[in-house]
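Down below are the structures I want you to see.
The following pair of complexes shares a single chain, chain A, combined with chain B in the former and chain C in the latter.
Take a look at the complex of A and B:
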C-alpha cells in the first residue's frame, strides 16, 4: 500500500432486517482507498459491492431497514459514529456518489443548472449568481459542449452520456476528496463509456480525487484502476494491485470470473470455462468457505470452516482461501 | 474442449433480407409537424444455414427493430425477407403462422415476456397449443424434454417465473423458442442482462444447442467480445444502416469502416499489461434518428470525414472477398 489511506473500512457489516429475518449483504468487509487512488470493486450481482458503497455514505434507512457494525474511518472520523446531521455534511461535500442510472437520480422538473446550484448552495454559503456561474464551470469541466445552454435544459433533453456527465458535475460541485462511482457506465454504449472513463481518470489526475469504482466489468477495472477488490457473497475474497491480480489471480472465484469473460484475443473455438452453479441467495449462505460449493479446489476443510482474508507473504495481495498458497505455487509452476 | 462446428455452410442463404426499411412516424418537436424515424433504413444481408450472424451496434442503431421486423412482430415499411424462397413480408397473417414455427425469437428480458402467474410448464406448452401440436400429454412430455435440453430439471416445470434466477429465466426463454424445433432463432441481446459467469454458461449452452439441433442464429447484441466469440460473420450497424460486414476473424484483423475501428478500440480489455492501446475516443453522441446527418450518417463523428461524406451516401460494397463496407474512404 503506497498511497496514504483516505478511507479505511474495517470489518464492516451491514444488516438488513427483512421479513425472512436478518441478512447481511455486507459481511465483514475490510478495504482501503488511498489518496488519489482509483480502486475498483468487482463482483457479480448480489456480491455486496453496491451495498458496501452505499454503506460508506450510510444511505440505507437506519430507522427501519438497516444497521451497521464495524468501522468506516475517513480521515480522523469514524463515519458510523457520526450523527445524521454530521453525516449530511459529509455526503456530497467530502464524499460524492454517482449511480448507474442518471435519469432516475436527476429531478425531471428542474433544469440541470438549478440542480447543480442547489448542491452548491446546500454545502457552501455562496450567492445564486455566483453559484450559477460555478455550475456552468462544472459542466464545462466535465466536457459538456455549450454548457451555458445546457444549464438551462432539463434532464430529458440530454442523452445518457450527457446525463452521466451532469451527475459527475453535481458530484464534483463541492470538490469531494472521494468519488464513489456505482456502475457509472453500465447503462452506456461502449463509445460513450470510453468517454466517461476517460473523464473520471482525467479528474482523478487533475484534481487528485480518489475514486471507488464499482463495476462488474473486468475490462473497465483493468483500464482505469490501480487496485482492485473482488467480492463474493458479501465478503472480500481477494484484493491487490490490478497488475498482480490480473497477471495471477489466486482466489478460485477470481480465476473463474476472469476466465468466463469472452476476450477479444481469446480462442473462439473453445468453450468458455464457466464456473458451475450460481450465486446463492443471502439467506442460504453455505457454511465454511462461501464459494466452496462451486469451487474446483474445495475439500472438507473448505466446506466446514471459513478462511480469513490473509496477506500473501511478500505481496500486496490478500486472499480468502485455504488453498491460496498452493494455487500460487501451482500457477507459478505452470 | 473444442466444439467442432457441425455444418458445411451452404451457399444458398436460408434467409435473405433485402432492402429492409422500417420507418416510424413521430410527432415533431412542436407536436404538429410529423417527422419520420428511420429506425432501419435499407438493410440487406444473408443468413446462411448453420451459421451465427452477429449484429452489433449501439443503442438506437436499429438492430432490435431489424430482428423484430424480420418476424413481422412489427410490420416492415419496405423490403423483402426470403425464407427458403418465400417472401415473408408478402404472406398473409395466416400463412405467416406456419413460418413462425421455423423462425423463433429469444428476448433480452424473459421476465417481462413470461406471465408471472403462469407456471413454467404452461409457458413452454403455449407455443405448442398455438400451433396445434400434440395433445396435452404429448405437450407436457415435450416441455419436460426441452427443460432437460436447456440444462434445467423437471421440477422447474412447476415453478413460477419469480422463483427462478435470471439465468434460469433466460434458459426458459430459449426453451420456449426451441420447443417448436425452429431452424432460425433470432436472439435479441440474450445474455446482456446476465452476470458474466451465468453469461458464459448461457453462451456455451447456445453453442452446444446450435450444433445439436442444427440451428441458425441471428445474434443481436452490443457486447462486442461476446458477439466475436459466438459469431461466424458480423454485421455492424449505425443509425439504421449496415456499415460493415465480414467474417469474424477478418473483421477483427482488418476493420475497414472508421466506425467499426472506433467501436473495437472502445472495448475495455481485461489485461492491464496490454500495451495501452490507442483508444479512439469519439466526440459527441449518436445523432438523433429523427434528424439523421446527410450523406454518410457517421460523418458528424468520423475523424476522417471529408466534404464528400456530408453530401453522398456511401454504397455498401464488397471491399474484399466476403467483406463489405459502406465508406467513401475505403
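Take a look at the complex of A and C:
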C-alpha cells in the first residue's frame, strides 16, 4: 500500500492556449506520491509526463500560455490556489526539480558555488559565508570529489555527470520534501546514469525525500521505483506497484512498452516488437479510448467511448481499459 | 605562429587536468594530489592564461593602437588645465589669427585665443559628452532591452517606441530635440542619450531573447527565483559583452554628432570650446587661417578613431566568433 501521501494530484488538467486553439497535454491526471516514496512516471515522448511535472510547480506562463484545472494537494495546501509569491516559496524550497539536460541547466557565467549559494539565500535567511560553507557540504553530499575546489569552478569545467550532481546539489539545497526528476539521466552515458540513479536512491533513503522520477526507460523504473504510473496522451492509463505492474501489466499500452524492451535472453534474429503507430498530435485526439487506434485489442466499444481509470478488484493496480478484466484473465491463463 | 603553439600547450595542459579529474569522478575518491601541489598548478594555469590573454591583446593591432590613442585622449582630457597655463577664454586682441609658432604652438583664433588650449579643452568637452552619453544610453538601453526581451507584452510597447526613435536620422532627431529644449551641455547629453538608446536596446533585447530560452533560466524559475532576479542575475550577464562593445561605438558616434550639432549651431553655446564650435569658428577663416580648422579637425579624428579602434579590438577580444571570422579573412 502507499505510504502517507505527500502530493496528491486530482483530475489535473493543463491547458495550453495555442494559435490552433486549446490543447491539453495533461488531461485529467490523478496520482499520488507518498512520503519517502519513489514514484516513476513512464510513457513515450509527448505523453504529458514532463507537462505533468512542470504543472506541479506551475512553471508554465499562466498570463498568456497556460491554465490549470483540478487540484494539486501538497500537505494542507492546494498548489493551484497559491499566489505567485507563495508559489515561489514552494519552488526550490519544498519541491525541487532537476532537468533532463545538465549541460544547459547551469548558468555558464556563474560559478557552481555561487549558484548553490543563490538558491540557499533565495529561501533562507543565511549569511553569504555560511551559505558558501553549506554549498561545499552539499557538493560533498552528492559525491563530488574535492568540493571546495569545484565550488569555485564554472560549469564548463565539469563533465556531464558532475554537472547533474551539481544540479542535484542545488535541488537539495533547501532540503525539499519532494524532488521531481525529469529524465535526469537521458543526456548521460550509461555508467554515469547508474551512478546518478544510485545517488537519487541513496538520498531518498537517507533524507526520506520523496521522488517523482520521470523517465521513458522501464529498466530505470524497475531498478529505482516502488510505484509506477504509466501515461498515454495526457492521461494515466495504468498505475500500481512496480512488482505487480511488471509481473502483470494490464493495459495494452503497458504491455506494448514492456515487450519493446530488448532482452538479453531474447531471440536476436526476431525483430523487436514495437507499439504500432505513433503518439498523435494533441489537437487530433481520437474519440473513445485514446489508445484504441494503436491497440491490438480495440473493438467498437473502445472506439466509441472512453474507459475510466478503475481499480482492479483485489489489487492495488488501477487501469484505464475496457478489456482489463479479460486481459488479466488471458495473462493468467498463459 | 608562436602564439598558436603556446595556445596548444595550454589546452593540452587543461586536457590533462580534466582527464585526471574525470577519472576521479567515476570512482568518487578524494583527490590524491596534495593541496600545495594543486595550488601551485592552479597558479601556473592562471599565470599561463593571463600571459595568453596579454599576447592575444598585443596581437590585435587595432586594440593596441586604439588603447594607446584612448589613453592619450584620457590624459589630455583629464590634465587639460595643467597642460597649458592659458585660459581658453582669454582674449589677446593684439595676437588675432596668429599662425602656429613659438608662442602659440597651434596659433590663435579670430579673437586672439590660444588654439592649443581651446583644442585641449574641446577634446575634454567632447570626451566628457561621449562618456556620459555612452554610459547613460547603455544603462537605459540595458533596462529597456532586458525587459522588452523578457516580458512579452512590454516588448511590443517598448520596441515600437524604439523603432519610432530609430526611424529618424540621428542628427535630425538631435537637432529637433535641441531646438525644443534649448542649447546647453546638459540638454545635449539628454538628447544624445535618447538618440542612442534604441540601438543599445535592440542589441540587449536580442541577446535576452536568446538567453531566456536556455534551460538554466527555466531551472532558476523552478528553484523559486523571481522574475527580476532572473532578469538581472541570469540574463544581464549574457548581454554585457555586446553591450560594452556597442557602448564604445556609441561613445565615438556621440562625439561626432555633438561636433556636427555644435558646428550647425544647435549644440553647445558659443564661447564654450568644443571641437564642433572650433570647427564652426574656423570655417569663416579657412582660406587665410586654415590652422583654425585643421587642428580641431585632427583632434576630432584622433578621438573618434581611438574609440572605434578600441571598440573593434574589444569586440574581437570578447567575442570568440568574431575573432575566428577575422582570422579567416
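We take it that the second predicted complex is superposed on the first by the 334 of 334 C-alpha atoms of A that agree within 3 Å, B and C clash if a C-alpha of one lies under 4 Å from a C-alpha of the other, contacts with A are read in each partner's own complex, and residues count from 1 in each chain.
Heads up, the rule we're going with is that contacts are C-beta pairs under 8 Å (C-beta built on N, C-alpha and C of every residue); 3 or more make two chains touch, one makes a residue touch a chain.
Just so it is clear, the structure is predicted and the values come from calculations on it, not from any experiment.
Once the two complexes are overlaid on the shared chain, A:45 sits against chain B while remaining clear of chain C. Touching more residues of chain A than its counterpart among chain B and chain C is B. Look at A:123: by the touch rule set out above, it reaches chain C but stays clear of chain B.
By the touch criterion defined above, A:159 lies against chain B and chain C together after alignment on the C-alpha atoms of chain A. Once the two complexes are laid over each other on the shared chain, residue contacts for A:91 go to chain C alone; chain B is not touched. Once the two complexes are laid over each other on the shared chain, residue contacts for A:191 go to chain B and to chain C alike. Taken together, the two structures place residues 145, 159, 161-162, 191-192, 195 of chain A in contact with chain B in one case and with chain C in the other. On chain B, the positions that touch chain A within their shared complex are 1-3, 58-59, 165-167, 195-201, 203-204, 207, 222, 224-226, 228-229, 248-249, 252, 262-264, 266-273, 279, 281-282, 284-286.
Against chain C, in their complex, chain A makes its touches with residues 57, 59, 64, 88-93, 96-97, 99, 101, 104-110, 118-119, 122-123, 143, 145-146, 149, 157, 159, 161-162, 167, 170-171, 191-192, 195.
Those residues of chain A that touch chain B in the complex are listed here as 44-45, 145, 159, 161-162, 189-195, 197-198, 216-224, 242-243, 246-247, 256-258, 260-266, 268-276, 278-279. On chain C, the positions that touch chain A within their shared complex are 18, 21-22, 24-26, 28-31, 38, 152, 214-216, 218-226, 229, 233-234, 237-238.
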